[in-house]
Amino acid sequence: MSDTFLIEYDDAEPAARAVFEEIAAARGIDPRQVNNFWKAMARHPAQMRRMWSNMKTVMVPGALDALTKELIYVAVSVTNNCEYCIASHGAQARRRGMTEEMFGELMAVVGLANETNRLATGYRVPVDDAFKVP
Amino acid sequence: MSDTFLIEYDDAEPAARAVFEEIAAARGIDPRQVNNFWKAMARHPAQMRRMWSNMKTVMVPGALDALTKELIYVAVSVTNNCEYCIASHGAQARRRGMTEEMFGELMAVVGLANETNRLATGYRVPVDDAFKVP
Amino acid sequence: MSDTFLIEYDDAEPAARAVFEEIAAARGIDPRQVNNFWKAMARHPAQMRRMWSNMKTVMVPGALDALTKELIYVAVSVTNNCEYCIASHGAQARRRGMTEEMFGELMAVVGLANETNRLATGYRVPVDDAFKVP
Amino acid sequence: MSDTFLIEYDDAEPAARAVFEEIAAARGIDPRQVNNFWKAMARHPAQMRRMWSNMKTVMVPGALDALTKELIYVAVSVTNNCEYCIASHGAQARRRGMTEEMFGELMAVVGLANETNRLATGYRVPVDDAFKVP
Amino acid sequence: MSDTFLIEYDDAEPAARAVFEEIAAARGIDPRQVNNFWKAMARHPAQMRRMWSNMKTVMVPGALDALTKELIYVAVSVTNNCEYCIASHGAQARRRGMTEEMFGELMAVVGLANETNRLATGYRVPVDDAFKVP
Amino acid sequence: MSDTFLIEYDDAEPAARAVFEEIAAARGIDPRQVNNFWKAMARHPAQMRRMWSNMKTVMVPGALDALTKELIYVAVSVTNNCEYCIASHGAQARRRGMTEEMFGELMAVVGLANETNRLATGYRVPVDDAFKVP
């Protein structure tokens, strides 16, 4: 690749540095400690800004608490087989209180849902009237 | 198809009828009201028994409560695009307390995770040392 | 859509009609009975020809017999959630000898593999040295 | 991670050691040679027991022989992009008789099915009446 | 479902009505003609606003023109098997100039990429040094 | 594995060497520089021939130019999480003119499409009449 792959905070364009700083402030860390995902996004500062704005808005505690949101994030990342996201959001979930026992149950639900998803599809099960949308 | 597609409780083999009855008892409903997934599984009573046994074990409240488990189930089903499972576990989640607001936040997390999963993959982001397993 | 969606044999371009005829001959049916997949492909005769050529070459009995190949086809189609392909290759598999009992075991393996695929991914299991490629 | 990542037989809880021993006995190997998947599952002995019980039941020869079941397992694992499962079940399939020629044909069917799955979906092909379920 | 499934413009909350109006203005249509995706999103006005903001920003012509962006959208939607998105972005692509011949070539590339993706994975092909990131 | 994993040009069977030579000629390189994907396919010369024939036919400039086809290839490969294909077709796309800015927009569309695909599915949005096929 002819382009820089990961961009460190010190080498970033001003627009990207500003996002590094916001992320760091939100997490109470130094901007140089922000994780690799954002160093990759820093190649395109407008996209980096867009994704950080989405992340902030969506992951804030609301009707669902912060840990539940991280568990859902991990469930999706495992189903999509995204190694990076499993690693980063798994760490985030543990920081927010996921115990090893909770992780075991999370994996069990994710595994079973993946199994029954395929069974429902393979058996071509029609949706029950009770579950139909109006 | 030369074989019966969905098997009603009254037409099921004794081994399948027994599972219908256990499901009905666990849910406080009549065995004839059990949903279509199980009527399809009833074609293979041993598999039906196996899946019910897994479902009971995995979905029981533990370190994660019953609602959280259903939210995770829906997140996986949406990511896998399983219409039946979105419908049935969506209904189950609502029965267990998922409000419309919680559903909106669940979808937002699922959507965003699917987006960032692809970005992390497409940018080929290496896992940070801090997230590495030993 | 401004373009014809499914093209019947009688309305097809000569290049597409020729493929309809080859498919029909290979299956011992009338060209008008060829299934919908090919009526869609007939919109692009060169692609239709390319896909029929691939299908013939790949699905011919070889080191794996015709039924085993259809079982594999169904396993992939279920995992990909392709309703059309589950329906058409399920029918093909039954024609080639898949019994209801075999279908039940096929679904059980497909379901379980989908579960353990996610568990191996979610637990981030490293490949054993014994399974490594040279 | 604050928790042990892979648990060796000698360090496992009694409930997990018992499963290691059953797996080893079924395979005629030493419990210390059991593959990494189970060392990860050993973190949650109840889940390890559940998965081993499923694996034993589903993979036993029945209407489909053991090799055919492994081929199906590999087909699903490739479609799901599970590196670990491709490696472990590929090895298992070879032990059960998969030749290099059979592997080549397996990959060809898996590849082609993935192609036509997307074509059927992209062309929005309606299911033929002949393939409809009752 | 106890909640309204699709929300029409006339029944929407003010915050959602404002988004309907922006979408309609951008497309030169009446707010009552906005497509179903947005009527579903209108159940959660803040999410509707967030998604519309993303859509506007990402789909605007830039280094890639509007048609190319729609082709990429369709390619992803086919690979993910999203019927709604194939239908809506397929229509959008045609409005932006996709001919039937271009659609045929798009499907051919999508199909072939899905095939070779699985082959590269199934054969466990290591990334060439020339393709490695620094 | 008891079989050779990657087969170099000098060790290949004549039928595979012929394909190496055709690929090299088409790219203006030495047959020993052909990338790893083909060295893996060389284990099964008939499949290698079949895939090269498909690749040549599908990727030739037509109604869509060569760069657009590579962008679509990358979009699919990212969605399928195929590391090898992202690496090889990413390199190919850059050779055909993809700038860093175009790559950023490509990723943005791929990311957003993956998000809205799941939202459309999760909200169970019915296809608008205007988007229905006849």
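Letters A, B, C, D, E and F mark the chains in the order given here, with residues in each chain numbered from 1 onward.
What we mean here is this: a contact is a pair of C-beta atoms (placed from the backbone, for glycine too) under 8 Å apart; a residue touches a chain by one contact, two chains touch by 3 or more.
It should be emphasised that the depicted structure is a prediction, and the values quoted were computed from it without experimental measurement.
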### Summary
Most remote chain w.r.t. Chain A, using mean C-alpha positions, is C
### Message
Please tell me whether the contact surfaces of chain A and chain F are same or different in residue numbering, using the over-half criterion.
### Response
different
### Reference chain F; chain at largest CA-centroid distance
B
### Message
Among C-E, A-B or C-F, where does the B-E interface recur, judging by over half of the contact pairs matching in residue number?
### Response
C-E
### Summary
Averaging C-alpha coordinates per chain, one finds the centres of chain B and chain C separated by a number of Å equal to 27
## Note on the structure
Note: chain F sits from chain B at a C-alpha centroid distance in Å of 34
### Message
At least two partner chains per residue is the criterion; list those residues in chain B.
### Response
1, 5, 43, 50-51, 54, 58, 79-83, 87, 90-91, 101, 104, 107-108, 110-112, 114-119, 121, 123-124, 126, 133
### Query
Which of line, ring, star, complete or other matches the graph of chains that touch?
complete
### Query
Quick one: in the complex, what on chain D touches chain C?
5-6, 35-37, 39-41, 43, 51, 54-55, 58-59, 62-64, 68-69, 71-73, 75-77, 79-80, 82-85, 87-91, 99, 101-102, 104-106, 108-110, 112-121, 123-128, 130-132
### Query
How about chain C: which of its residues touch chain A in the complex?
74, 78-79, 81, 83, 86-87, 107, 110-112, 114-119, 121-124
### Query
For chain F, which residues count as touching chain A in their complex?
81, 90-91, 94, 100-101, 103-104, 107-108, 111, 124, 126
### Touching residues on chain F, where the partner in the complex is chain D
1-3, 43-44, 47, 50-51, 80-82, 133
### Summary
Touching chain C in the complex, chain F uses residues 1, 5, 46, 50, 54, 57-58, 133-134
